[in-house]
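Once you scroll down, you'll see the structures, which are given as structure tokens.
Across the two complexes that follow, subunit A remains constant while its partner is subunit B and subsequently subunit C.
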Partner chain A sequence: MKTLADLQAIKENLQSQMDLRNESHAGTRIAVGMATCGIAAGARPVVTAFSDSVQEHKLHGVAVTLTGCIGLCSQEPIAEVTTPKDGKVTYVKMTPEKAKRVVEEHIIGGNVVKEYTIENNK
Partner chain B sequence: MELKELSLNILDIALNSVKAGALLIEISVTICTESNRLVIEIKDNGSGFNVNEYEKETACGLYRGNAPKKSGGNGLRIFKESAEKTGGSFFLNSKEGFGTRVRAEYILNSPFCAPLGDMAETFAALILCEGEREIVYTYNADGRGFGISTKQIKEIFGNIPWKNYETIKFIKEFIKENTDIINKNRFF
Partner chain C sequence: MYRSQVLVCGGTGCTSSGSPAIIERLHEEIKKNGLENEVQVVRTGCFGLCALGPIMIVYPEGCFYSAVKEEDIPEIVSEHLLKGRIVERLLYQETVTENGIKPLNDTNFYKKQHRVALRNCGVINPENIDEYIAVDGYQALGKALNEMTPEQVIQTILDSGLRGRGGAGFPTGKKWQLARTIVQDGGQKYVCCNADEGDPGAFMDRSVLEGDPHVVIEAMAIAGYAIGATQGYIYVRAEYPIAVQRLRIAINQAREYGLLGKNIFGKGFDFDLDIRLGAGAFVCGEETALMTSIEGKRGEPRCRPPFPAEKGLFQRPTVLNNVETYANIPQIILKGADWFSSMGTEKSKGTKVFALGGKINNTGLVEIPMGTTLREIVYEIGGGIPGGKKFKAAQTGGPSGGCIPTEHLDIKIDYDNLIAIGSMMGSGGLIVMDEDNCMVDIAKFFLEFTVDESCGKCTPCRIGTKRLYEMLHKITSGNGTLEDLDKMEKLCYYIKNNSLCGLGQTAPNPVLSTLRYFKDEYIAHVVDKKCPAGVCTRLLQYKIIEDKCKGCTACARVCPAGAISGNVKEPHSIDPAKCIKCGACMSKCKFGAIIKE
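After this line comes the complex of A and B, so read on.
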């Protein structure tokens, strides 16, 4: 059975890797709508997919966070991605697969995934 | 509206606690097959609210729309209904300036009882909320249980940022494995 003491090894491993991080993405922020409407529409796996993808790519400085209802319940799950380059982009009807693609193409690649944005899903 | 898993109701209610500025959120799930009950309790030390006013505001049914409302949206009402439709009960207590306690009791074998679902994902999503607070989760089924607290994790990490992929992955596995060991091929 796993015990919390096993975290010690993870900590030591992280400590040794602290200097090996990738380029900084400071100022990048992913906010997933997590009001009741968002949760009902499937926002929970979306937020964990964003978080997992950001960590898998070792993106330093990207904040993944939860936000409330932004008043577009029919378009949930919604994710607002803010980067220094493109400002705030609102993605709608998100899924874990789409989240992965947004991280790879928008945050790493610098190209907004236009087909998922609110402007193209009205 | 209803949520497919009780763990989604728990996430929804615990996010209210986050919004209420709670520094401590305690979530417990207790199952007793002999008495046919599943009990969820969520306790916080957040800002609390006036329960009488809340009940007046929500008396007319579903709250629609986006205008900020004193006591928030539909989450509590949906949580209450999820318990009551199984024949169970719901208890809400809140005091302004002190915190809120919500307790939902489910009749386990009711066909209307949603599965508990993925508490590991709920705990992980709560960890991702901005700011620092202690989140405690305890699970108990027929007298056997386990618990996890973000405070324990933080103490292990000290100055090292603990909200990282490896740690969150570990926490999810920890919750899943320990729940499975306790459940012993039973499904709640």
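After this line comes the complex of A and C, so read on.
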């Protein structure tokens, strides 16, 4: 290590991991239903996809958490995305691919991915 | 990449209450549930709430689990980490509210704290230099080398108002300035770190070294740059094995990254560090004795002046600072002198770490802005005294300090205020005492310590403390006279004025301050031959209240000395000549019929 830039590179490399330990998540929260129904429907890879995608894009202040059964077991895996702009949006029948799109279009882009939401999948 | 992190405290407190087994079990269970690529386990330094250990915290939820047992781990992993259901029964109750959990920083214990020196303790993995860098580690060293002259570094420390956290409170910037300017012959200078924390009940420095070792390394390198030194020594006591091990790891990592060694940041500045282990002598916390010990000689103090800034280690100019002092430096360089001096009181800037111990609910480590009152520390942060007992005094400064009685509970804690009431800041041990503590006995306890630890080089300390201890012993045995109290006070001032080093000069403080605030207790011992708190066994008598005694014989059976006699179903009595005052009968009696007075 010879310059401040080298130091900065190490810092940025680990920043997203350290962000996890910040309790003041400024608002955006992704909660994936991980009750028995969710796990059976394949919620685990969805959680990982959300978490990886958030960290790959180096997003700050976005928490990926697990939650229990929301009561709509037939629609699992379910993910609730809460942002300051759009409030709570519930996505249903999620897959890792869909999760990536939600991060990119909804959380980064600010446009709710309407085709995955509960309202359009009844 | 990980979606969740489990931080487990790896400080000495939680390690002894079982955190290594918890970490091992966590790894096992996480693997069993196939979560090893999703959940990361991080062993950190001390969180501060040692009374509730072992402690762990799960992110991103920020769930604070306290007093975790190994058997709880499968439940935490399968419920919380796998299914996202928080295990409420294990949460720190202070964080549980009707609307879910509240952040740790809003709890009483953490709310009034302000963490500067401890900012990374319990947050990062101390054995991973990358994590330290990720929280702005080594940025201050980079800034100093790239953007500042040594004079500017010293000026910043001077302006910040930082004073030595080892206890005496000498301005740190002044020390650095002297070491830079007083001898300018181009020869070797040294930077030393005093990590020989020996006060009974103090563990601030240990926690910094265990939780954030790199901050000390970075600060020492900055000090080296400021005064023109290329070599540093950390003098740490061998009784801190975890701290020593983490320091070793940290130094090696810093060398690998080129943050120690030759030509740091390509700026032509060389600096390296070595560890020297102390062998458990309290006097080696005194600066001249510490340096003598580093030189490989018997750890004895010498006269000052010359001060270390002029003639220190190996007779060369040396800066010696305490661990906590160093822990403040990188933040001051990064955030500026104004930021630091905005905290605290007029003459004492910044924060101070205290190790809370004794009769207090939240035993542990706290960092508060200077000027916080003792009442806030004891009753708000510390959570009060167990069993609803009454506060009697707080002891600060260990064997060199004094007691702060109830009437001074609202004193704003800083260097000068504490000296004014006959105590001192000390390195930060804060022992709380309640109505069950005998102040004469406390003074005797600390004197016993200094008698043991006096190095013997100068007579006032070697013989004076011994005589002082004997007088205290005489008083607690019930043989003291009022004349002894006067003699004792005289001897105290004699020792203070004539001892060679800080150890002897401060050793009488516990006696002087208890004499000042609790003279009535001394008089009770001397005149009434009674110990009001019921501690000094030779002045105690156990008695059976006849009306309450049912004659169950439980006491007679438990008495190891056969001092209790009486017939079944008739009141018993204690023979004072045989009684050894062990108290076994009193704790055995179900009817509260036995009292001590």
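Everything below uses one rule, namely that the second predicted complex is superposed on the first by the 98 of 122 C-alpha atoms of A that agree within 3 Å, B and C clash if a C-alpha of one lies under 4 Å from a C-alpha of the other, contacts with A are read in each partner's own complex, and residues count from 1 in each chain.
By definition in this document, a contact is a pair of C-beta atoms (placed from the backbone, for glycine too) under 8 Å apart; a residue touches a chain by one contact, two chains touch by 3 or more.
No experiment lies behind these values; they were computed from the predicted model shown.
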First, second, both or neither for A:52, with subunit B first and subunit C second: both
First, second, both or neither for A:95, with subunit B first and subunit C second: neither
Subunit B versus subunit C as contact partner of A:16, first or second or both or neither: second
Subunit B versus subunit C as contact partner of A:63, first or second or both or neither: both
Subunit B versus subunit C as contact partner of A:71, first or second or both or neither: first
First (subunit B), second (subunit C), both or neither touched by A:40: first
Common ground on subunit A, meaning residues reached by subunit C in one complex and by subunit B in the other: 1-2, 4, 7, 10-11, 13-15, 18, 34-35, 39, 47-48, 51-52, 55-56, 63-66, 68
Subunit A residues within the subunit C interface of the complex: 1-4, 7, 10-11, 13-18, 20-21, 23-25, 31-32, 34-35, 39, 47-48, 50-52, 55-56, 63-68
Subunit A-facing residues of subunit C, complex: 1-5, 7, 37-38, 40, 59-62, 82-85, 103-105, 123-124, 130-131, 133-136, 138-139, 142, 146, 257-259, 265-266
Subunit A contact footprint on subunit B (complex, rising order): 1-3, 8, 11-12, 15, 18-19, 66, 73-75, 78, 121-122, 124-125, 128-130, 148, 152-153, 156-158, 160, 162, 164-170, 173-174, 177-178, 181
Residues of subunit A defined as touching subunit B within the complex: 1-2, 4-8, 10-11, 13-15, 18, 34-37, 39-40, 44-45, 47-48, 51-52, 54-56, 63-66, 68-71
